[in-house]
Amino acid sequence: MHIPDGYLATPVWATLDVAAAPAVGYLARRAQKSLEQSSVPLLGVMGAFVFAAQMINFPVAAGTSSHLVGAALLAYALGPAAAGVVLTAILAVQALVFQDGGILALGANVINMAIAGMLAGYLPYWLMGAGRWRRQAIFLGGFLSLLTSGVLAMGELILSGVPMPGVVIRLSLGVFLVSAVLEGAITLAIMQALTAIHPELLRQPQPDGRRALGWIGVGAIFLAVVGVAMASAYPDGIERLADATGIASRATTLLRTPLADYQLGTLGSAWLRKAGAGLAGISLIYGALLAGGKWLARKRGA
Amino acid sequence: MAGAQEGRVVHHVVLDRWSRGESVLHRRDARAKTIAVLIFLIALATAQRAFLPLSLCYLGILAATIVAAGLPLGAALKRAAVVLPFTAVFAAISLAAGEPMRAAALVGKSYLSALAVLVLVSTTPLPELLRGLERMGVPRYLLMVAQFLYRYLFVISEEAQHMRVALQTKSGTLRRALWDRGKFAAAGGALGVLFARSYAHAEGIHQAMLARGFRGHFLTLSGRSFGRADVFFVAAALVIVAGARAAVEAWI
Amino acid sequence: MEPLIEVRDLRYRYDDGTVALDGVDFQLYPGETVAVLGANGSGKTTFVLHLNGLLLGQGSVTVCGVPVRPATLAQVRQKVGLVFQDSDNQLFMPTVLEDVAFGPLNLGLDAEQARTRALDALGAVGMAHVSAKAPYHLSAGEKKRVAIAGILAMNPEILVLDEPTTFLDPPGQNALVELLDELPQAKILVTHDVDCARALASRAVFFEKGKIAGEGSVPEVVARFSWDRTSLHRQASSRL
């Protein structure tokens, strides 16, 4: 899921680099403020832990095994801002020292894994982690974090015109789903061990009054992720829907201009239309949900 | 998979050794080298036409740089190839989709980018590279976290390795079953212990920092300054990289 | 003679209520080396963490005439140099030189002065040749020496070492004892290594359940509390 250099189209990697930079700066400032002085060595060592943890294998089936990715776990232990910083540091070290992931693509990888994936993993725990559904929340968090990162990465590749026939997309989604289930299970196993031996190391989830918004957020992420995935895997259905609602033509004009001059093969523009339509549709739904959620929250005086 | 992770740990030791070598390139300021590599990466990423001759040209430039830095060429070329298995899949798909040029671009760009980054980290010790990045505007907090991560990578990995062996010893006699809950829980428990140990390290480090007067800010010894040789280096990189591309594209 | 360190009725309780120190009285005089012996969990390490204010308990701890309080921590930490058991936790900077310079920089020296101080301290422990190396390249013995250099670079009056010979092989232990013998500062040695204590310490105190249960010369304390390996030696000689 670490995207190497050479895959993403220039407008894609450049935009994501520009977007990631202030986001990471913000996370760094927040983490610094909310943790004590001792936080730098703690975050560094936790990053080293994630690296090292990837050495321990969890048996899956017939001799294969998987390992922890860790975005959700870090968020549960350190809080989202610090987790974002640690994950960014991990990605940077992976790209530089291990050539795992590109440098120009670092913005994309940071957004996919350290920010979006991490937040998608944190939300369920923030909402449900204190109650009866704690275990389910932890599993869901691990699951969503991996699925979100994977689907975002795939979307960026498609948007860049990397050829992805439907069968490949469906296969990749299948792999993401399996990995996501494993991530959920491994995260849960570690959290249970920690809750038993060292519960003081974990953050207590304390959502304030904005629960409704949080739930909308989870729903929107789910929809967006599933939606983008389906749009990519079954573009024709979406295209028909998009044609029917007239979205496609608007999306194409919007997207064609800046991207036209860049390296999109003949297959690229066809995918672009479909993916763009799918994304546009999902964004509209997401925006509607967000607006609805805000209205609901205001109505309840939360 | 576990073998790959062990390979990673050994690799970073090798890379660390390479980075502390002596050469014209090792002596350059980290910022100059970072800028030069960024120029290369951007020129490579935005290249569209005449890709085959350009990638050969760039490969030659990188190979010459590796030799000039006193690094083992074969080992470096081999190390950059880690990106190839992932790329092979997409290249194959591109070929099947009737886009041979894209397949070539994927292979060439991803490999050459990895090689360029490898040259950067093989001629600059990581802490120095991080300090250079700080002087170029990257938040210090983030870089200090990365610095500590790198420092304790080996320490924690060694502890994880011991746990892995212990786990295998315990679980080895069990039959390999589908979805073995017991082994899964044991692995989770092992990681829980490793997590707690890592936390204990962090506390120990903090105490050691306080004991030597730490009050919240990391102060540093002065680093190297950007000299004339570094300016020349960046200029040369720009000329060579952009020039090669212009020449190749004009010639085709 | 005025004691360098004066501890009166020191008490400390952990967050969960366990009593770690139950009224400790202790003095350290200039030039002496005191060994702190006792079982694991008897309070030895907790005790020394109070000497530079990493822990603050009830009772009084005075260092070179300065009471240990939140306001005086900076001063106290310059005077009392603490060498921890785990050298990896102590050498946290990327290179040896940067690590040894950490203390001087925090004391307010500028980069040039800190660098000189650090190199001098490394020279004093015979480790100047590794100044550019990364800590994980060093052996356990070398790491311990660099850790000591990091403390010496702050010009302390008192050295406190927590189990310094753990992780060292016999030649390493010999070399460390030689080095410590040469250093002029007053020292406190928390140790299980009775031979090390015998070689360096003029006096020993024995901790038991958070209190000092006895003190005297090292052989006296060892004999009184049976704190040696006579049964082991007996077994060894019976094999000969």
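For clarity, chains are labelled A, B and C in written order, and residue numbers in each chain start from 1.
To be clear about the criterion, a residue touches a chain if its C-beta (ideal position, glycine included) is under 8 Å from a C-beta of that chain, and two chains touch if they have at least 3 such contacts.
It should be emphasised that the depicted structure is a prediction, and the values quoted were computed from it without experimental measurement.
If touching chains are joined by edges, the resulting network of the protein chains shown is an open path.
Ranking every chain by how far its Cα centroid lies from the centroid of subunit C, the top place goes to A. With each centre defined as the average position of its C-alpha atoms, the distance from subunit B to subunit C rounds to 39 Å. Our note on geometry: subunit A versus subunit B, Cα centroid distance of 23 Å, whole angstroms.
Subunit C has its Cα centroid 48 Å from the Cα centroid of subunit A.
The residues of subunit B that reach two or more other chains are 126, 147-148, 150-152, 155, 201, 205, 209, 214-215, listed in rising order. Each of residues 92 in subunit C touches at least two other chains.
Among all residues of subunit A, those that touch two or more other chains are 41.
Of all residues in subunit B, those touching subunit C in their complex are 16, 20, 125-127, 147-148, 150-152, 154-155, 201, 204-205, 207-215, 219-222. Against subunit B, in their complex, subunit C makes its touches with residues 49, 52, 54, 74, 77-78, 81-82, 84, 86, 88-90, 92-95, 97-98, 101-103, 105-107, 111-112, 114-115, 132, 134-136, 150-151, 154. Within the complex formed with subunit B, the subunit A residues making contact are 4-7, 10, 13, 24-25, 28-29, 31-32, 37-38, 40-49, 51-63, 65-68, 77, 85-86, 88-90, 92-93, 95-100, 102-104, 161-165, 168, 185-186, 188-190, 192-194, 196-198, 201, 262-263, 265, 267.
By the touch criterion stated above, subunit B contacts subunit A in their complex at residues 1-2, 5-6, 8, 11-12, 15, 37-38, 41-42, 44-46, 48, 79-80, 82-83, 86-87, 90, 93-94, 96-99, 101-102, 105-106, 108-110, 112-114, 117-118, 120-121, 126, 129, 139, 141-142, 144-153, 155-157, 159-161, 163-164, 167, 176, 178-180, 183-185, 187-196, 198-199, 201-203, 205-206, 209, 214-216, 218.
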